[in-house]
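Some structures are shown below for you to check.
In what comes next, subunit A is part of two complexes: it sits with subunit B in the first one and with subunit C in the second one.
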Partner chain A sequence: MNTLHQSAKATSRLGRPISASVLIAWLVYLFLIVPSLIVVPMSFGTSNELVFPPQQWGLDLYAKALDPAQGWLSAGGRSFVLGLIATGLALMMGVPAAYGLSRTNFFGQKALSFMLLSPIFAPTIVVALALYLYFATLHINGSMLGLVMGHAVIITPFLVVTTLSGLKHLDRNIENAAMVMGATQLQVFFRVVLPAIKGPVLSGSLFAFLLSFDEVIVSWFIARSDQPTLPVKMYSSIQWEVSPVLAAISTFLVFITVIVSLVSAFAQPENTDGF
Partner chain B sequence: MTSKLTLHGVSKRYGPVTALHPTDLEVREGEFVTLLGPSGSGKSTLLKIIAGMELPTEGRIIINGRDATEMPVRERDLGMVFQNYALMPHLTVFDNVAFPLKIRKTATEEIRRKVHDALKTVQLEHLKDRKPQALSGGQQQRVSIARAIVYNPSLVLMDEPLGALDKKLREQLQFEIKELHDRLGITILYVTHDQQEAMSMSDRVALMNGGRIEQIGTPRQLYFTPETAFAADFLGSSNFIDATVTARTSERTVCRLSSGEEIAAPSREGFSEGQKVRLMVRPEHISLLGQAVSADRNVLKGVTTGTTFFGESAEIRARLAAGSEIAIRIPNDYSLPEAEPGAPLHLEWDVRQTHVFA
Partner chain C sequence: MQTMHALETNTTIGKAHRGRIPIMIRTLGFGTFLLPLTVFMLLVFCVPLLGVARASFYTNGTWTLSAYREFVSGALFHRALINTLSIGFMTGLISVICGYFVAYHLSRMPQRKRRLYIILVMLPFWTSILVKSFAFTVLLGTNGIINQALQAISGTNVVVPMIFNRAGVIIGMAHWLIPFSVLPILSSLLSQDKALRDAAEVMGATGMQVFWKVTFPLSLPGVLASGLMASVIGMGSFVTPSLLGGRQDLMMANLVDFYVREALDWRMASAIAVVLILLALLILSTAAFVRTRLSR
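Now for the complex of A and B:
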């Protein structure tokens, strides 16, 4: 009886015509995702050109990508370290900045928060040029320090935004209660606020890391040509020779992005449920 | 008894708006004092000033003998219970209650013992490893109460702690808080807009209105001898009747209604013959029984306009000969032949239950 009932329900669900808006949504989604996924089969080809579908299958491109002489490994390592440090720096600036903005009221607050978020609105090429000129006077162009600072500028606003959204869900009276019970401002921040918003902060950090990891424009201006970041090296290799190794690298990047997005998706709902 | 909290002329102004007029208040050790008032009466402002979340414009705050006027919140030695519990979502019940002790760097063994005792007091030991969001509203508020008493603060502030709970739980927790107060001898300053809550729990009630304390006294004083029409109206139910003072002795003031009927009330300062006044009598003090003619009873004629049945009591509404509507609360221990609409009524009550207001 029960199974009959269920199967009837299933057919009616299947039988329901898919609405036009759902269909369009799926088409758009496919349109967006297929170009990214097309590199996956291509990366298992063996020819010397980028072709789809591959004529022959093999792992040659991966072997090439992992060959230290090609420089992909060191570029990847550089991007990874850069992403970590820049994210760390953005965390240290963005989280306290968001807390300060959300919990105080002072003259010029609106202007300050607009300035903090402006790297999101400003064209990246403008930000990159500005940083390049500024770093030239500081003599840090071409250094890891310059890259870290440039990336921190680009990604901090995203951490501010995700932290602000986490703070919006946090009852102010929880902080008041902690203060009445004897906690100092610092204790309130580290023992009450930070643990309560760790979900949004974590997913914001992952997002910030991804942004840094595939950032091209700022890095293009600041990185030394013989010490490129991974995206910069990919971009320049496309300019000179369309190497099929790119397919293997891209597949690797898609894989990383999917992993990070999954982690962040699982970190988020657990937190919002908590309130 | 020593004073746990003393306010000297504490006031708060926001630009041209006065949220709190200069206010004096004293809460003695072990006392349960309630700030009662409608929203916007200044009770929350006063509580925030005492807690240190707002600074007073003028005046001094003394907590447990120390001048706390400009003291940071954390040094005031207060406990606080909030309406929405304000428990830390990432900590277990045990760790929530342990929080103030950990801040005070109490020894681990002592924390364990004190938290255990506090949770036992509110009967929640068995839930100590749960997260707050896994508890019901009533349980969360009991955790928050345990957290406010575990470090033995000078004064526990409670800001509408039962406001988010349903009626039955509210009554249950009222009883528990009162019982906790009596048993542990803690000093409580309680804020509510619920007059029934204030009357059933408090040693003294400070009735607030328009940014000042309108009247302060025991629940009985406020109920039986309200000093203003607002106090009479806010605590308990009340009937107001317009009248004019016709005669006055040191004991009694006699007033005439527009119908020509006369009502006597105990004399109070500040009324003179010919003055327009409002008389007040509570619905539950009026009886329908007799035509008992006595100098100690007031008698009025009226006509029934409707009845509402409440179970343990009934309310009869009547139109007086003088024109105004009046409510009568009577216990439901007999049938009510007079209760049909249009039936004439003889209303009667004790002169001492009559109040005169300007």
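Now for the complex of A and C:
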């Protein structure tokens, strides 16, 4: 299967036959990328049925998506506000925690970091059920507070991981120098460490926002059914009736994903592999 | 000289200012950075999880194993468990195989080019699962793009059922999991010492032999671990089987949802969730064991 590498190299001067394994890799790339791209042309169709390619082109679906009566706009706004607050909360807790984890070495630290990161490994449905039962006893199911806390549980561990990887590249001698010069720990954190890791933290928080903006399972359990987030509204819409408006909404989500990926690619240092 | 002096006075001032701060307090100082998230996770993650465990044993004021007894004896639960395991391992396997081709392709290109190609993996990785599910209903449906294309090519009315059945779940889930397996396999391939391959080549190994005797065995621990990891992620999936599967493809996550929303039976929902998380823990620790054992 890998011969391609060798044989392609050997025969490239003769006209480069494409090896089987490169061909398969390209088929997988195609499989991966097609669903994200197919929604874009579909969103510019005008018919009430999903046909590809669209018979007529127009912006009808976008007009429908932006029509306040359809509820997409308010769901989108709700998800946006929720994403912003949850990301802010994640930043305030996650970045200091990552710094604390990377600069200490105490008994039980492995267990603590496992606990702090475990929402990444736990099946989201279990987290969703746990929060649903918990918030039911606290009477905050369906409230913005419940959604913010639920999303913070999901996205903060992710921000801790990206911040940790940023801290790995930071030379500890700079912090030691600041300490020697009389800076307090807080000063070191805010004036030395934070400015040095602002790239990874920025890109981490953009992706954390995206995680929250796209989060469906926890919100499906916690949000009130008459006040859905955008993904919850999409989920129930696909479940009952696949409407062409979804193509416009999907295109918008793909667009946001591309923007976040581009911005964070520029925020990352050159020498990393971009993931 | 003068800076040296300044530095010295500064430290003495710092010391005088802070007094003789023992190392313990300094460690506690870092502890203050950890404190907010630790408290938050204890209150909003650990306590709720324990609440699920409790709810699975405790109903109407008594402790009981009834939910687990029903789980062991009920045909519905058997089906969900078997579906969860078989779909999880199946898609884990598929995504590792597909992911290996992509990771291998990525690992053999210069870094600059790789940064560009990896977008083809990262864009779908970050795309909402709902966008993907919607796209797959459009692509795979009875009147979908693929079936229309097949009809146009063959000139018949052939319809390949690819949605609301097992095939739909597996296609959708593989699409979701392939990026998860590409990244660990890629980093395992990139961490291999190129000198080993060069040595094998110098000794006369063909490209095929270098791959099967050097590259592949070295990447095996990473491949197994990422395959198990992908399976575990797949086993927790909820959206894909619900939107792309049929009635026969219910997974445990969907059953949890059913018991919370339709049956209003929190005890049963909690028991299923406990079984699911134990399953995940078991497979993840196997993955960790495999990785340490094989990479030794």
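Before moving on, here are some points about what is shown:
Everything below uses one rule, namely that the second predicted complex is superposed on the first by the 246 of 275 C-alpha atoms of A that agree within 3 Å, B and C clash if a C-alpha of one lies under 4 Å from a C-alpha of the other, contacts with A are read in each partner's own complex, and residues count from 1 in each chain.
We adopt the following convention: contacts are C-beta pairs under 8 Å (C-beta built on N, C-alpha and C of every residue); 3 or more make two chains touch, one makes a residue touch a chain.
Keep in mind the model is a prediction, meaning the values are calculated, not measured.
Once chain A of one complex is fitted onto chain A of the other, the partner contacts of A:Ile38 are limited to subunit C, with no touch recorded for subunit B. In the superposition on chain A, A:Gln187 makes contact with subunit B only, not with subunit C. In the superposition on chain A, A:Ile238 makes contact with subunit C only, while subunit B stays out of contact range. Applying the stated contact rule after C-alpha superposition, one finds that A:Thr46 touches neither subunit B nor subunit C.
Once the two complexes are laid over each other on the shared chain, residue contacts for A:Met149 go to subunit C alone; subunit B is not touched. For subunit A, the partner that touches more of its residues is C, with subunit B and subunit C as the two candidates.
In the overlay built on the shared chain, the residue A:Pro195 is in contact with subunit B alone; subunit C does not reach it.
Note: residues 179-182, 184, 273-275 of subunit A belong to the subunit B contact set and to the subunit C contact set alike, using the contact criterion stated above. Residues 7, 10-11, 13-14, 17-18, 26-27, 29-34, 36-38, 40-42, 44-49, 51-52, 55, 98-99, 101-102, 104-105, 108, 111, 114-115, 117-124, 126-139, 141, 143, 145, 148, 175, 178-179, 183, 190, 206-208, 210-211, 215, 232, 235-236, 238-239, 242-243, 252-253, 256-257, 260, 266, 269-270, 273, 276-277, 280, 284 of subunit C are the ones that touch subunit A when the two sit in their complex. Those residues of subunit B lying in contact with subunit A across their complex are 51-53, 73-76, 78-80, 82, 84, 86-91, 99-100, 103-104, 131, 133, 144, 147, 151, 157.
Chain contact summary for the complex, subunit A toward subunit B: residues 171, 173-174, 176-184, 187, 191-192, 195-196, 198, 273-275.
Those residues of subunit A whose C-beta lies close enough to touch subunit C in the complex are 1-7, 21-22, 24-25, 28-29, 31-36, 38-39, 42, 50, 52, 92-94, 96-97, 99-101, 103-104, 106, 112, 115-116, 118-119, 121-127, 129-134, 137, 149-150, 152-153, 156, 160, 179-182, 184-185, 189, 207, 210, 214, 216-217, 220-221, 231, 234-235, 238-239, 242, 246-247, 250, 253-254, 257-258, 260-261, 265, 273-275.
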